[in-house]
Amino acid sequence: MKTFKEILENRHAYAKSWKAKTGRKVLGFYDTYFPEEVAYAAGLMPVRILAEHEADDVTDRLMYGNCYCTRDMLNQFARGRYDYIDGLVSIESCQWWYNAFDTTLIMFPDLFSHYLFTPDYLDARTSKDVMRSELSVFAERLEEWLGTKITDEKLDDAINVYNKNRALLRRIYELRRFDTPVILGSETMEIMLANQVMDKAEANVMLESLLSDIEKREPYQDCVRLMLLGSETYDVSLERLVESLGANVVVDELDNGTGCIANDVIPLKDRLMAIGLRYLGKPHSALKDSIWRRRQERIFQLYEDWQADGVIIAKQIYCHPHGTDMYAVWKLLRERNIPYITFERDTTLPQEETRLAVEGLISQIEPGRTRIAGWSRSGAKTG
Amino acid sequence: MNKQRWETRPLEIWGKAKELRAQWQRSINEAAERPGAMLAHGNTGEFDWSIGFDDLTVIEDNPVGAMMASKSDAFSRKCRLASEVRGWGREICGYVQNCWGSQFLGYEMDDGAFPFRDMSIPFPDPCDQHLKRGQQCMDLSPIPRWGADYPMYLGPLDPKREQAFIDHTVYCYLQIIDDIERIFDHKFDDEKMIGSLNILPALREQALRISRLMTHTPAPIGQKELYSFYTLGLLTKVDPKETLDFWTSFADEVQWRVDNHIAAVATERFRWMEAHPSPWNFLKYFRYMEKYGAVCIGSQYSHIISGPIELGEDGQFHHIQRKKPPEGQEIRTREDAFRHIFTEARGYRFKDDEYCRKWTITDFAKGFHVDGAIMPLWRGGVGCTLTRKEQGLRLSEMGVHVLHYEGSQPGDRTDLDERRFLDQLDTWMESLGLEKLEA
Amino acid sequence: MTGEFRKWPEFSWLSDTDTWKSAEKITAGIDIGTTSSQAAVFADDELFGYASIHTGADFTLAANTVIAKALASSALSVGDIGTIAATGFGRRNVLYATKTQDEISCIAKGARFIYGPAVTTVLDMGGQTTKAILLHEWDRVREFEVSDKCATGMGRHIETAAEILRVPLTEMGDRSLETENDPEPVSTTCFNFAYSEMMSLFREGYKEDMYKENEVIASYLFAVAWRILGTVGKLAPLDIGDIKIKEVLGFTGGLAKNKGITKRIERELNITAIEGKHDPQLAAAIGAALLA
Amino acid sequence: MITAGVDVGLMNTKIVILRDKEVAAQRTKQSGGGGRGETVKEIWQDALKDAGIKPKDISKVVATGTGKKDVSFADKTVVEAVAAARAARFLYPESTSVVDAGADMTHVVTLGEGNTIREVVMNQKCMNGLGLVIEVMADRLGLTLDEISALAPAQGKTNPVNDGCPVFAELDALGLLNIGVDRREVAGAVTDAVVVRLSSILNDKIRPQKDTTVFIGGLAKNLAVTERLKERSGIHFLIPENAEYGGALGAAVIATDM
């Protein structure tokens, strides 16, 4: 498998072959607040559980009211797609995720599992102490399970690998700031998603070679620049649709986009504290931004830094963190006269419905611009 | 067919209950008007802030939203529309949408101005929507606002993890008191707070008496009575002493009813429990079920006033005391008091949080000798719906007949198809061979 | 399901002049929706002919039929039309179109043609999607809202409701207004819930004194109207206060002809929509033709 | 002894007249809305005529179905699940559960000893009206129900539609039509979505047994549904010849007890 896209599409095969090659174990996790560094230092490959879509007649027995993503995560476990996972970890985050985690454990009681409490109140003086305590409990459990010792050296190595990974991904995002970017929104999201199901050391090698390649690419033409907000995404169908309409998603404020690469672990003598502080200091997710509404200002900063023209908010149906946070996002966008559309996503993306809204947004930004479907005209490479 | 008919009669405590409720309503109305009074959004489940701060009234959005739902469909619908057009998802709990929708409209059900809150006190709860709901009152005016956590984990009690969680929570609460003193120039009364520590356990003791009595056949009172009274202990401790007296005489009356075989439903022949009430404007399903001789003996939700309870080996309910604060340790400061409160709270949280909910429900069903259970499924309200289906399966396995019906949330009638629900009740009863005893 | 109750009248019109012969520019707009398809032909910015038909299962066939109907007996043929702009759900099936145009711009333009320059808020209620558009005084879109996914297919679902109730679609609106007081709406979450709840209203048996059929229809259409309020209300709501929209309101789309919906929206918004000079269902097709 | 069962469904009313536990007549007619009560009376007259009897010859009439209270001449009403259970045991004494799926609700009934019922599962609201979904889609696509019933299972990878919600399924189906997918294939995709939902209801509590599960109701007549459901769930349904009359038959059987 050579490209991120291929790895994303064959992620189960990738993980299985990694296991066969290294003889090590794979740990599944759900949210980006999960401190992957600790697991990596223990010799595990942390793999994020991603939703896809498969006909689902099993989860109704166990769930009600969940968003489709968490249903599908359970569905995939039930169908044996994740049969290679050795352990499963959940953290304090969205309850639907917790539900998917907990119910999966009922189906697979022998799986190694751990629940790590990452404070929802991220900014109290004692939040870091809770985080530190939880990380050391987690580290001890991993040591006990795997029979290894998580030494400072191993933690340093993990921190380096992850910091490097985030720095490389930030470089990719930086390339999208140009008026004529060399990389499209859909390609970036494919990289982001694949990166979350990969061995980070390998990802870093691939990212470095990719970066040296794409910087040589012919840039895409200037076009309407859009920003994507909302619930986590698991595919790039929306980005592709936007591109087919002659626009481009240039930046996002998603937990699995800019949210997970914005900051690094700053090395400290107390490694676990350093890792904990990184996760507490991460841009607040919609759920954890429960006190002073920091998320909205960050959205605006990204919007300006990446010179976006408009915003697409794509929320999953039944995604309550975004259902409660949207008010403040709308208020901000309206106050600053930023054009935006909001729509809800479910298992399938209805092409024409979504097209109608996105096209309306594009034409609101650039009225009178005649379009022909396909990237070929406005998005074509120059020269 | 069971021809047994028990005697029924109304509760005598009703008058007193109404009086207490009116008193609570008055105290809120007055709080908004009294000079120097502070109105906070928050909750008083574990700790009633007004005990330390005389002029502080804490209102939760839940009872406000519930009251709207029970009184006016049209107004609460308007509130929900007001919040929907401002960006709130339709999957959000009806209580929240009603209460804060009314804030968006700027007026209340009776056309009076919406009382804006002066501060937002955290509302720790396992339900995610509680986490973010304190933001609504600060969005329209920059009022002070604090945070706190509801830390939980799976597996056995772990002293190391516990310690960090208790330190964290105590710190957060002390910070709030410091800030209120600094910002609002109100002094916190440590002595009064320490002195009140025994109120909640005493209240729970009385409530537990009632829970235990309700395991009798015929059930002396039903779910409807429990609902009417339970806010009087949980949310409305205007005068703690008076509340305690009320619950003591309530328990005494229930005891008297049991001794004299006074029943909630004269024809009791089917006992059921539920997980949640239906939307508050549709409580007539209790009466409808009585036509089949079916009595609702409560829910974990309504028996929560007893505090955390579990079924002992003697077949009777007991308080869960997994973690007691060290005996003999003197409580001198407010920090000691909070440590005491949260250490005790940590002990039982493991029995009412989502992790244990699906296991403890079988205890509940066994203890109350239920034949059936209604497990509503809410589209809005994560915490209310999480694990409901699993609970249903578990109950089913132990031979309890389970009925699931759907709706939005008790504060939101949008998705409750009332007639379909009654039809489902018919199906449930008739399929068990029970027919209506009265038209 | 017989399909006899969900029918609504198709219509067409053709100018009796032959101005097109001397016209410098002939344009057409084709709007292929999920439920109905419209065509409008303009000769030098003057309406020359239009047609509105049921779309049916074959979008391409609908596209071919609707233009044929609009041109009807005139000597004008598709080949004579300079620019043909296609819009709507099925626009890709208008094989004879020379360009495509987004729905929002078309509706905005078309609404201005139908209602004149005064209209500021356009509420387009079609078979598939509800769109609320706030317009600048010139024809540029200031803001727009599209109904969410759960609310899609409003018009189509009313057709289904007519079939289940066995009440002609065209009578539903008027009959719903014959009730004394509006009953509480059925579920506003989605139309599947709405009509299942609507049918539940008959579960206790149909008795003259209990559920007058008109009240059931009223309850259903109130839910539809309430759902639409959720879309139009999103156009710049106030920080505090009831839903207000910027006057003047104009309805477009097929449901604009259902008084049971429009009257309820007007009542809730406390506003009276203006009367247009053309059939509101044609808005998108007219707009497309004008933008062509 | 002559008894009758009347099953007033969402779209159709079905009547079965039993003479000494043998079907003497059966009738169905479209009915709906507020005028349902009148339609029921009309078809009642037709059924009596078919059986060649007068109303007074009938000892008892039992009504069931969503419109059971509109049957003015019924001696008793029973819920759909109970009628379905009796029909299943009447037709197949060895049956252990019965699936009743029509235009409106879907019931999965697990049978107990004799005429008792162990468990009833009713569909969730998001799966309401599975029969209606197919009818609406047929109307939309210009196909008859027989044509849908005759659809062959899809070969290879096809375009799926949303299987969680009928509203979204319809939306996706229109999207497929729009990109030129053959309408039979679209109908197949919708049928698949309905089958996934049905299978989900089967999985909800006690899973029905492989060889002793009866399938009645309007959907049981649709071969495309039953065959695909069989494949997905592994259950070899027992489907009676006049499956849509299951509810009415059960009601008529109950009337013989009275």
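Read from first to last, the chains carry the letters A, B, C and D; within each, the first residue is number 1.
As a convention for this text, contacts are C-beta pairs under 8 Å (C-beta built on N, C-alpha and C of every residue); 3 or more make two chains touch, one makes a residue touch a chain.
Because the structure is a prediction, the values reported are computed rather than measured.
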From chain A, the most remote chain by mean C-alpha position: D
Result of counting contacting C-beta pairs for A-C and B-D, higher pair: A-C
Length of the line joining the C-alpha centres of chain A and chain C, rounded to whole Å: 39
Whole-Å gap separating chain B and chain C, where each centre is the average of the chain's CA atoms: 47
Chain A and chain B: spacing of chain centres that average the CA atoms, whole Å: 37
Multi-partner residues of chain D (at least 2 other chains): 66, 124-125, 165, 168, 171, 174, 178-179, 205
Overlap residues in chain C, where contacts from two or more other chains coincide: 89-90, 92, 128, 149-150, 152, 193, 196, 203-204
Where chain B touches two or more other chains at once, by residue number: 86, 90, 377, 379, 393, 404, 406, 415, 417, 423
Pairwise touch network: line, ring, star, complete, or other: complete
In the complex with chain B, residue positions of chain A that touch it: 60-65, 92, 94-96, 98-99, 102-103, 106, 113-117, 119-121, 123-127, 129-130, 132-134, 137, 287, 290-293, 315, 317-331, 342
Residues of chain B that touch chain C when the two form their complex: 73-74, 77, 81-82, 84-86, 90, 103-106, 140, 379, 408, 413-415, 417-420, 422-423
Interfacial residue positions of chain C with respect to chain A in the complex: 89-90, 92, 99-100, 102-105, 128-129, 131, 140-141, 143-144, 146, 148-150, 152, 236
Footprint of chain C on chain D - complex, ascending: 10-11, 30-37, 66-67, 69-70, 104, 125-126, 128-129, 132, 135-136, 138-142, 165-168, 170-171, 174, 177-180, 183
List of chain B residues in touch with chain A within their complex: 83, 86-92, 122, 126-129, 131-136, 139, 145-155, 158, 160-161, 163-165, 167-168, 171-172, 175, 354-355, 377-379, 382-383, 385-390, 393, 404, 406
